[in-house]
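The following block contains the structure, expressed as structure tokens.
To keep things simple, chains are lettered A, B, C and D as they appear, and every chain counts its residues starting from 1.
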Amino acid sequence: MSRKIAFIGLGIMGKPMAINLVKAGHHVTGFNLEQSAIDALVAAGGHGAASIADAVKDAEVVITMVPADPHVEQVILAEGGVLESVQAGTLVIDMSSITPQTSQKVAAAAVAKGVRTLDAPVSGGEAGAVEAVLSIMVGGDAADFAEAKPLFDALGTTVVHVGPSGAGQTVKAANQLIVAVNIQVLAEAVVFLENAGVDLAAALDVLGGGLAGSTVLNRKKGNMLNREFAPGFRIDLHHKDMGIVTDAARAVGAALPLGAVVAQLVASARANGDGSLDHSALLRGVERLSGREVK
Amino acid sequence: MSRKIAFIGLGIMGKPMAINLVKAGHHVTGFNLEQSAIDALVAAGGHGAASIADAVKDAEVVITMVPADPHVEQVILAEGGVLESVQAGTLVIDMSSITPQTSQKVAAAAVAKGVRTLDAPVSGGEAGAVEAVLSIMVGGDAADFAEAKPLFDALGTTVVHVGPSGAGQTVKAANQLIVAVNIQVLAEAVVFLENAGVDLAAALDVLGGGLAGSTVLNRKKGNMLNREFAPGFRIDLHHKDMGIVTDAARAVGAALPLGAVVAQLVASARANGDGSLDHSALLRGVERLSGREVK
Amino acid sequence: MSRKIAFIGLGIMGKPMAINLVKAGHHVTGFNLEQSAIDALVAAGGHGAASIADAVKDAEVVITMVPADPHVEQVILAEGGVLESVQAGTLVIDMSSITPQTSQKVAAAAVAKGVRTLDAPVSGGEAGAVEAVLSIMVGGDAADFAEAKPLFDALGTTVVHVGPSGAGQTVKAANQLIVAVNIQVLAEAVVFLENAGVDLAAALDVLGGGLAGSTVLNRKKGNMLNREFAPGFRIDLHHKDMGIVTDAARAVGAALPLGAVVAQLVASARANGDGSLDHSALLRGVERLSGREVK
Amino acid sequence: MSRKIAFIGLGIMGKPMAINLVKAGHHVTGFNLEQSAIDALVAAGGHGAASIADAVKDAEVVITMVPADPHVEQVILAEGGVLESVQAGTLVIDMSSITPQTSQKVAAAAVAKGVRTLDAPVSGGEAGAVEAVLSIMVGGDAADFAEAKPLFDALGTTVVHVGPSGAGQTVKAANQLIVAVNIQVLAEAVVFLENAGVDLAAALDVLGGGLAGSTVLNRKKGNMLNREFAPGFRIDLHHKDMGIVTDAARAVGAALPLGAVVAQLVASARANGDGSLDHSALLRGVERLSGREVK
């Protein structure tokens, strides 16, 4: 069933996602601060809008995909934002990665206007967005999730309803916590193995085949073996995410002893100028701590 | 080619390994402090010995599989041990999980008697030993590894030469480091997700499908979801292993910021009486830190 | 020189501070949400006001002393707040303990109205406030500090200008960081010494006399020896403060490896129901981690 | 009462201590591997010996002061060591800083020969040894402590019996734990304050006057303000000590979450080439983590 969708935020992630919705047969009207991204969407069969108000006024579904909490507040809640112009009954799906608290604030503001919301952050990066193989973690009402499911299926391959408003963001935060820690411990192991004179490539092979195996090990061991840290997922972004998970865990009284230490190490990587490298460059921090030359 | 093998240490791991060598056509003479294990080996087609000296006197290859560093020193280096009775030229393979330092000490003592050694710790647990699907990480000379390879292939499916004497133990230590940290961060994520009101089973599904996925998540999420902590791999043993990796990393000047914190948390689990539970019971420690009832 | 002072926030700290200013000869007009505190100030020779506007309209100096960031924003920046009614040229001194960022936000808003500000958080607790022996850490212009110095001298014994706007809050945050860590490591030492069978009182005496000595050891060893945790300074408040220092350090790119771990342990104490105990009760957390009965 | 004392180990600490015993009127016979130190003792009124056996054969009290565990084992337990030549009933006082376990091993071996022991490590450094103002933490029997008290009073000003054999070492270990953590958090505070643009000298003054005050802050703030790290107490030695306290706490089941992190940071300082600097140089590690130039 074709839907009328407004898509706000056509960046590195948003643009290919919007195009994938066009390919799936939907009527997609995009808005972005830079016109070139709108032009690309139009070229792919979508439509452009001159403002958020213009984009959402006839929409059945609004999707927002912007960098961080302040942008979500700006785009949805502020003057000239989605809630000002959208019709009652519309479903607003925020796919940005932000704090659960902001998602819940958006949901509460929407309810007051008779608007429904889902928080639906993704993982999988630019490649996952382009190839429509994202993982999508969705918070909100089950009925709203069911309605949005066909749209999500046009964007990703793992689409899961994980709980009420904010739950999608909570799961995304947990994802970033686990990823950061799994990378950091792999980096600690690499420096330990190298310092001990072990054949690192052979060691990583055998480690990957047992209980120490992980997707991080599979995907990032090449970066570590070759000291090749082109992103990928930038440390600056993981730093933002560690702030989210630390705050969110604090808010619900959950202890994160490893998470707190990793948050410091990610911040340290950034302070050392590695913010634009792939998060596997946490290896460089372990090298610094171990007094090794950092290449 | 059938070899004459002496197998010292027929415990939970050693007995099925010795029997698998018999099945592969080797002449295996076992020694163990308790006679019942020797009887089991004999019943499976092996041979029994009355002492270490008796077991090793005609052996081409000696395999030792005992609990910890002092046992290895006792069985190989002490009076009445392997090196006292073995013939020059024999290959002694220690498959126990001990410190790299002790492996190197054994190797040096052996060289002085014209005896060759490999350190070849395993992962995979009792099930892996019985089913001959262990991972085996081997340190020592490449030629000795090549000679032993057919024996290892009778015991496991992933058999890798990772470097000189002690390197096998180093990789095993790295394995235990990564496993402990991956379990701990999964436990932190579980408590965070539950406290935040997320559907945990759904969340773990989506986490497992992305970059946060790991063998630990796949194999241990059931333990965590059901608070079912029958071992598995006991926290007491992981505590011993964290001591090994902490000491070994200190010896080579490698920083383990996460490893050091996890070592404390594993010790804390043991101090709280959880030593005989599976290592996935690190979850209970996060529950304690978070002020939750521990079931 | 007697000054006309408006004092907003007559709580546990504010009331005795306002009374000390009266004793020093100043004309102090107080406002508080509960009338009883205003009555107490009047009984001590001060004056009462019916609103913030009423209190500040003729003031030369305004002092605010409220619990946390939102209260400062409410009392100074919001509708009906200090900046709405105060005359240009007035000196507004916020003595609350809040984030440096909020202090800087207040300063910027004040400048826009021709109002001068100082941030001047204190340490020393209720007893220090009553006895006028507070330590006061002051951020802002040197000339404004010089003008306010006689007032501060009526409230405390250690009064130091530490830098520009926000610097007072930064130093207060550093103070709370050091205190939390010094308490926590003392607690770790206590459990270690007790578990090892040492005479704890004798040990703390000798430790206090050497390089391990600290004000925390002197003032808190009694709490720890007797497991007597009546506040003092509540863990709930220290938890708030660890949030401030963690965020502030993150904002300026300073690594806090110990600070991050302590923040988790303070949060854990609170999650375990110890929030209303003195911060020396961090000892109870070390007992929990060490599997000991917590009395 | 003049005693006949054998003093083994006349290094940086031992030589001035032996001389102080001479000054107090005792008959002191010294032994050291390098003759020059013996000559210095003789010049000060003491006596020299050609071997440990020679030094201890007529002694009422033997004092040992050597660098680490292996030296204590060598000097007391090994062939040619103290226990081989000393008379039954002699009091052997080991003032080295070693593990409690080795002190207990020495005590057990001595008991078997009818020899009494005390472990009596010191703090206060070379200056404290020269000026006879050491702190001395003593483990062993109360009667033996009472007998030795006059000797200790010739060496230090704070002399405390803290428990049975090994207790002196345990307290010394706790001392080093607290000192390392108090230095590290001061370093974290310094970088935080500097990054935030605070007047550091003023801030440290006000911090020192409140609950954040400590002997570490008083004695080490100059090092930190001036980046002047001439030892003092070398990081290499503190690294050795962190190994002792980590192991000792592990042995008694005491959790050291901060201690474990600090042990890593001390090791990291050493790995970065700062081992011969004063332990206040932990500041350099915080600078590295914070991406700052290390001067």
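Definition applied: a contact is a pair of C-beta atoms (placed from the backbone, for glycine too) under 8 Å apart; a residue touches a chain by one contact, two chains touch by 3 or more.
Only a predicted model underlies this, so the values are computations on that prediction, with no experimental measurement involved.
Participant: Chains shared as neighbours by chain B and chain C?
Facilitator: A, D
Participant: Which chain has its C-alpha centroid at the greatest distance from the C-alpha centroid of chain B?
Facilitator: Result for max centroid distance from chain B is chain C.
Participant: Can you give the whole-Å distance between the Cα centres of chain A and chain D?
Facilitator: Distance between chain centres, rounded to whole Å: 53 Å.
Participant: Centre to centre, by mean C-alpha position, how many angstrom separate chain B and chain D?
Facilitator: 38
Participant: Which chain D residues reach two or more other chains?
Facilitator: Chain D, residues with two or more chain partners: 253, 255-257, 261, 264, 268, 270-271, 289-291.
Participant: Over in the complex, which chain B residues touch chain D? Could you list them?
Facilitator: Residues in contact with chain D: 243, 246, 250, 253, 255-257, 260-261, 263-264, 267-268, 270-271.
Participant: Enumerate the contact residues on chain D facing chain A in the complex.
Facilitator: Those residues of chain D that touch chain A are 257, 261, 264, 268, 270-273, 288-292.
Participant: Quick one: which bits of chain C touch chain D in the complex? Just the residue numbers, please.
Facilitator: 100, 123-124, 135-137, 158, 160-164, 166-167, 170-171, 173-175, 177-179, 181-182, 184-186, 188-189, 191-193, 195-199, 202-203, 205-207, 209-217, 219, 245, 248-249, 252-259, 261-262, 265, 286, 289-291
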